[in-house]
Amino acid sequence: MATIQFTDVSRVFERDGKDFLILDKINLTVQDEEFVAIVGPSGCGKTTCMRMAAGLEFPSTGSVKVNDVQVAGPGPDRAVVFQQFALFPWKTVHDNIDFGLRSKGLAKEERESLITHYIALMNLKGYESAYPHQLSGGMQQRVAIARAYALNPQVLLMDEPFGALDAQTRVVMQEELVKLARKNPRTVLFITHAVEEAVYLADRVVVMTSRPGKIKEILDVKSVREAEQWDRNSKIEDVMDLESFVHLRTRIWKSLREEHAGTDH
Amino acid sequence: MATIQFTDVSRVFERDGKDFLILDKINLTVQDEEFVAIVGPSGCGKTTCMRMAAGLEFPSTGSVKVNDVQVAGPGPDRAVVFQQFALFPWKTVHDNIDFGLRSKGLAKEERESLITHYIALMNLKGYESAYPHQLSGGMQQRVAIARAYALNPQVLLMDEPFGALDAQTRVVMQEELVKLARKNPRTVLFITHAVEEAVYLADRVVVMTSRPGKIKEILDVKSVREAEQWDRNSKIEDVMDLESFVHLRTRIWKSLREEHAGTDH
Amino acid sequence: MVGLTQRKNHRRSVVGIATIVLLLIIWYLATTVTGWINPSRFPRPDEVLSAFTFIQTEGYGNGKLHQHVLHSLKLVAMGFAVAVGVGVPLGLLMGYSRRAEALINPAFLLLRPIPPLAWIPLAIVWLGLEDGSKILVIFVAAFVPSVINSYTGVRNIETPVMEAASMLGIKGWRMVTEVLLPGAMPMIFTGLRLSLQASWTTLVAAELIGALYGLGSILNQAAQDIFPAMILVAMAFVGICGASTTWLLGVLENHAMPWRKGRVAT
Amino acid sequence: MKKALSRQHFWSLTVTGTVAFFAFWYLARALHFSPPQFLPMPHEVLFKLIELMDKPFAGATLPEHMAASLKRFGMGFGLAALVGIPLGLSMGWFRMLDDVITPIFDGVRFIAPVAWVPFAALWFGTGIGGPTLIIFAGAFPPCLINAYRGARNVEVRFLEAASMLGAGSFKTITEVLFPAAVPSIIAGLRIGAGLGWLSLVGAELIVASSGMGNLIVRAQSALATDTVMVGMIAIGAIGVVIDILIRRLEKLLLKHRNA
Amino acid sequence: QALTPIKISYQPSLYWALPFHIATEKGWWKDVGLAPEFSTFPAGVPQIAASAAGSWDVGGTGSVPAVLGHVRFGIKTIGVTNDESAANGLVGSSKAAADFAKDPAGALRGKTITLTQNSTADFAVQACLKKYGLKKSDVVMKNMGQAEIISALSSNNSDLAGMWAPNTYTVEEKAGAKMLCSGKDSGAIVPGALIARGDYAKQNPQNVAKFLAVYLRAWSWMSVNRPEAIRMMKDFYAKGGVSISDAAMNKEFDTRPTFTLAQQLKNMERTGGAANSKMDGWFTELSGFMRETGAVQQVPAVADFVTDEYLKLVQADAKLRDMANSTK
């Protein structure tokens, strides 16, 4: 059981001696094994939210709890997949995945079997001893996801994990994430700029306002998906033309465009 | 009058002593004031094509002509907008735009009036004396476009100009490019990974195969647009749900997915 | 997690000052009360203080402290200026033109690794015992970082920026002043800092060449007199001069690159 | 950016440059720029070098002098690297250590390694200790500064990834800071080796019986300018070789990273 | 019987250091049961500084560093290596020598003299200035090492210099310079000093005595074997990178008196408990000079550091005494 709970979270940043309110009274609960996506204009505080759940950043007021425990710092119970992958360039695929497992103090055998499992799951077989730069962007991202999943975390935090990929590779990754989420469900907080991606992946989509970041609306994709009987296994191009999908997508789009008009891009 | 003409263009790159065929017999003519977008899997040679038109790269066999003249080197008649903007970090917005104009030997007054014009057109008023790092990504990109347009080039070459922007800013930029193209039509070669973008912006979309890059198919968007009477001034979200748009988009998507399956992503 | 936190400057200087004060106390205790260190091998604070008073009031090595400091500042300034004046343009040239690089590199590679100290005999023979030979020795030391960093600076200008310049039709002198120089500027300043440090660390060697005044000559003289307290006084002033000239360079750097204002300094 | 020169073009220019350098040297003599005994000709220097390979000068042959210098250099430089790199990395991670050491360090780094000669004699005398201290004084600052800068410049995402993966201080320093700082550390080693090697001449002022520095000082006293130049060139050549070796090490360590 | 190690320091290519070389070549150290470990220094100052680190036990050096060594580190002067008054002095280029021949004082006044400060040569130069009625302030003195001075003198960047042998010979032979005024000419006696670390001497008086016996034996031997000694001298100088002519080497022998055991003791003989020996006089002069240059703050009492205690031990031990006087 793992939940993430933001209660009245505000965050103020100081810059040039002045205080800026970045996040304003965020209230959000991510349920156990729920997949929540956050979208919002650039600079609205999405990353800041995620970093607070990770324990890399702290609220100015309010509280962030994971499993009803106040977050005090990072830990392997909450695995993060960063936008730029953050693989260690000096470690092989195998050793990148192993790094976190060793920190958990697992025995060698157990570690090896976990690594083998996730390498197979992420379709990375044969690349165990490759270094990150020898992989394409999509493969690197799969390693980062394997590294996070292998920790067997209760919570997965993903910050625009596919932002740096080209559109085609991105789609492949989305599909793999959906497959993985089905086999190994986790509590996931997922940040993206791509509205289709949010609709395709998430159970709920949170739309944020521009600075100071507030929650503007929360859309329940899951109930639409279940009502309209989208096939959870289908590829994105099979669902993205469905009217219910297009409708949700466009609705979020417009909501975001309103916000965008307000910011100085 | 400006055309770009690729005739039987092939390009071989040497790496580790071995020759790799990157582009294989490309034949393409971009007509005067035509907007052509190129899409294709990563590494297929799109940038290489564009660099050959710019004179930053040369074909191994075949010829690249602009206005029926063989391209011998870069010049201000063919303005390039690079993916990473390539602004001069040590020059203000004003001076970045001015830099190329001074090369053309224009009088100060004339230059100032051009700069004022394009700064206004790109909605950058008030930022004349800002340095690039003080601007957001979208604003930097607008400066790069203003710099290219101000040269009054016959040809505009744009390599994933919006690739580094977030999805919302990107849409705003696309709309501004459409507006600009309407006011100041130019011969444009435009590279992108985003299929919607290609369909929204281009008169023709060229789909390339994965390595070695060949032209797979060329789609005539303009005739569809004119036949279906898309409003050229409309925002992308107004057209992107139209059936004809979705149809073209999905067609290109699938064509690319076939290529993608073939590459090791 | 310590490594992830932002460092605050005032906290830093408080700790810094505290550290130095603590060191002074340890020094005092070690050389006096406790007798851990024999003062003949490392002087006591009061000895250093009286050496300082001595050179201030009566003078040492042909002059008072300020005369020595001024003379050293002059030598360093000249050697540094010549090194930068020759080194930066040369580095820019070698960075920009592969031809120039191929042509100049052999001589540079042959001369570069020879220690400044090893130039002293030739410096004396060629330029005599006045400031010229001392400046030559400082020049030799300060020259190399200026060249290498300017060279690297040009080579590291991002390709798109260089391509943008050629796309805009920029050539010749405008290329040098408006693209290469500003583009390489951050690296050039790193080079200048290294050159300045090299100038100060070479001063002592340079002043082996029959100096009448100078902190280096004080160091040499005090070494000959086996006067460790005076050696420390001279070392301290070399440190102070080095740190303040570097600070000045930093101020210059901030003004030279307005486009980097508000960015994190390296 | 400028295109790379063809191999042929590159070598023709390089050879031209080399020839020009030596031509200038001969010309300087022909124009009486300097009295002959102070500017021996390249070939004279070459003959001297060959002669010194097996004929002792100042008590030892050239290779023996080199060996003596290299031994001292190895000690001083090895110590500088062994202390400087771990300390620099730790300063990059533990803020307190940084705050304490940086101000001390900033004060002493302008002091010439040769300025430590008197103290080196007082503390360590003639043994290996004295020269080691001086070479150490030359090589230590770049080793420390670059390891420190390398550690401070590690991209935050790697540090965040490490702490997210549950790594402690030791593991972070050895498995993240160190590998990430390798390029910077290597640059520091190169500069440090250069400075350490330069300090050698100073170090050998206190041990007069052997070494390249001693060779030069003795030759200078004997007015043997050709021998002085042989010494300068030999010092330079070893400096280049050391630099090449460190770059090899870098290639080895960075084999698996892209350029 | 195992040999006792003893650490001996000297400066290379100097006349007074030749006995160390000869004794080693001849294998005389083991005759007294010593196993010497040599260390060499380019000048007296680093040499005495290294005593603080215990780098050596006994040795030879210039008299100026000997005094400084006493003041700073309690080094004892236990004998004289040689009288090098003629070997230290003011050297001039050929042009300076010509001027000097006409009007010595005029040729020096207002000129720059390069010299190694706090050296025996400095001492001799000061005496020369006095002799010609000049004050220190009448000339400009630049402090440089001997190697730099040689470069400067031979490239005409310096006309006047304070130097010691064999550097004087090097510039005479290779740069046409001349000795203008030596310590001997100006009445300044410049002794060379045999020295021992204070605490070492106190704890190992017998070793110090043995050291002295071997050193004196070498002079005794050389006094009757000059041709062989010259051959060995050539080797020895070459080790320090010095190559001078046979004539110059012979001149070293001719102009630099050395002292037998008996002469040493006589030089150091004090009467009525006062520090009034010949040697006390030399070293008092020197100390006065050093006070003047500021190298020491007070004139040290000679009785505190010049001691014949160890020479007397040699005299008292029949075996050592015989050895010291042996010409074989």
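All chains are identified by letter, namely A, B, C, D and E, in their written order; residue positions are counted from 1 within each chain.
In this text, a residue touches a chain if its C-beta (ideal position, glycine included) is under 8 Å from a C-beta of that chain, and two chains touch if they have at least 3 such contacts.
As the structure is a prediction and not an experimental result, all values here were calculated from the model.
*Asks:* Check every other chain and keep only those touching both chain B and chain E; list them.
*Replies:* Chains in contact with chain B as well as chain E: C.
*Asks:* Trace the shortest chain of touching neighbours from chain A to chain B and give its length in steps.
*Replies:* Steps on the shortest route: 1.
*Asks:* Looking at chain pairs D-E and C-D, which one is connected by more C-beta pairs in contact?
*Replies:* If we tally the contacting C-beta pairs, C-D comes out ahead.
*Asks:* Let me have the rounded angstrom distance from the C-alpha centre of chain C over to the C-alpha centre of chain D, please.
*Replies:* 17
*Asks:* Suppose each chain is reduced to the average of its Cα coordinates; what separation in Å results between chain A and chain D?
*Replies:* About 49 Å, centre to centre.
*Asks:* Counting in whole Å, what is the centre-to-centre distance of chain C and chain E, each centre being its mean C-alpha position?
*Replies:* 40
*Asks:* Give me the residues of chain C that touch two or more other chains.
*Replies:* 1, 4, 40-41, 120-121, 125-126, 163, 223, 226
*Asks:* When you check chain D against every other chain, which residues touch at least two of them?
*Replies:* 35, 38, 117-118, 122-123, 160, 163, 220, in rising order.
*Asks:* Pull out every residue in chain E that's touching 2 or more other chains.
*Replies:* Within chain E, residues 49, 52-53, 145, 147-148, 151, 155 contact more than one other chain.
*Asks:* In their shared complex, at which residues does chain C touch chain B?
*Replies:* Touch residues, chain C against chain B: 158, 160-161, 163-170, 174, 178-179, 182-183, 185, 257-263.
*Asks:* Please name which positions on chain A make contact with chain B in the complex.
*Replies:* 41-42, 136-139, 166-169, 171-172, 193-195, 237, 241, 246, 250, 253-254, 256-257, 260, 264-265
*Asks:* Would you pull the chain C residues touching chain E in the complex into a rising list?
*Replies:* So the residues of chain C touching chain E come out as 38, 40-41, 60-61, 120-121, 124-126, 128-129, 208-212, 217, 220-221, 223-226.
*Asks:* Can you tell me which positions in chain D touch chain A when the two form their complex?
*Replies:* By the definition above, chain D touches chain A via 155, 157-158, 160-168, 171, 175-176, 179-180, 182, 256-258.
*Asks:* Any idea which chain E residues touch chain D in the complex?
*Replies:* So the residues of chain E in touch with chain D come to 9, 11-12, 38-42, 46, 49-56, 145-148, 150-151, 154-155, 167, 170-171, 174-175, 238-243.
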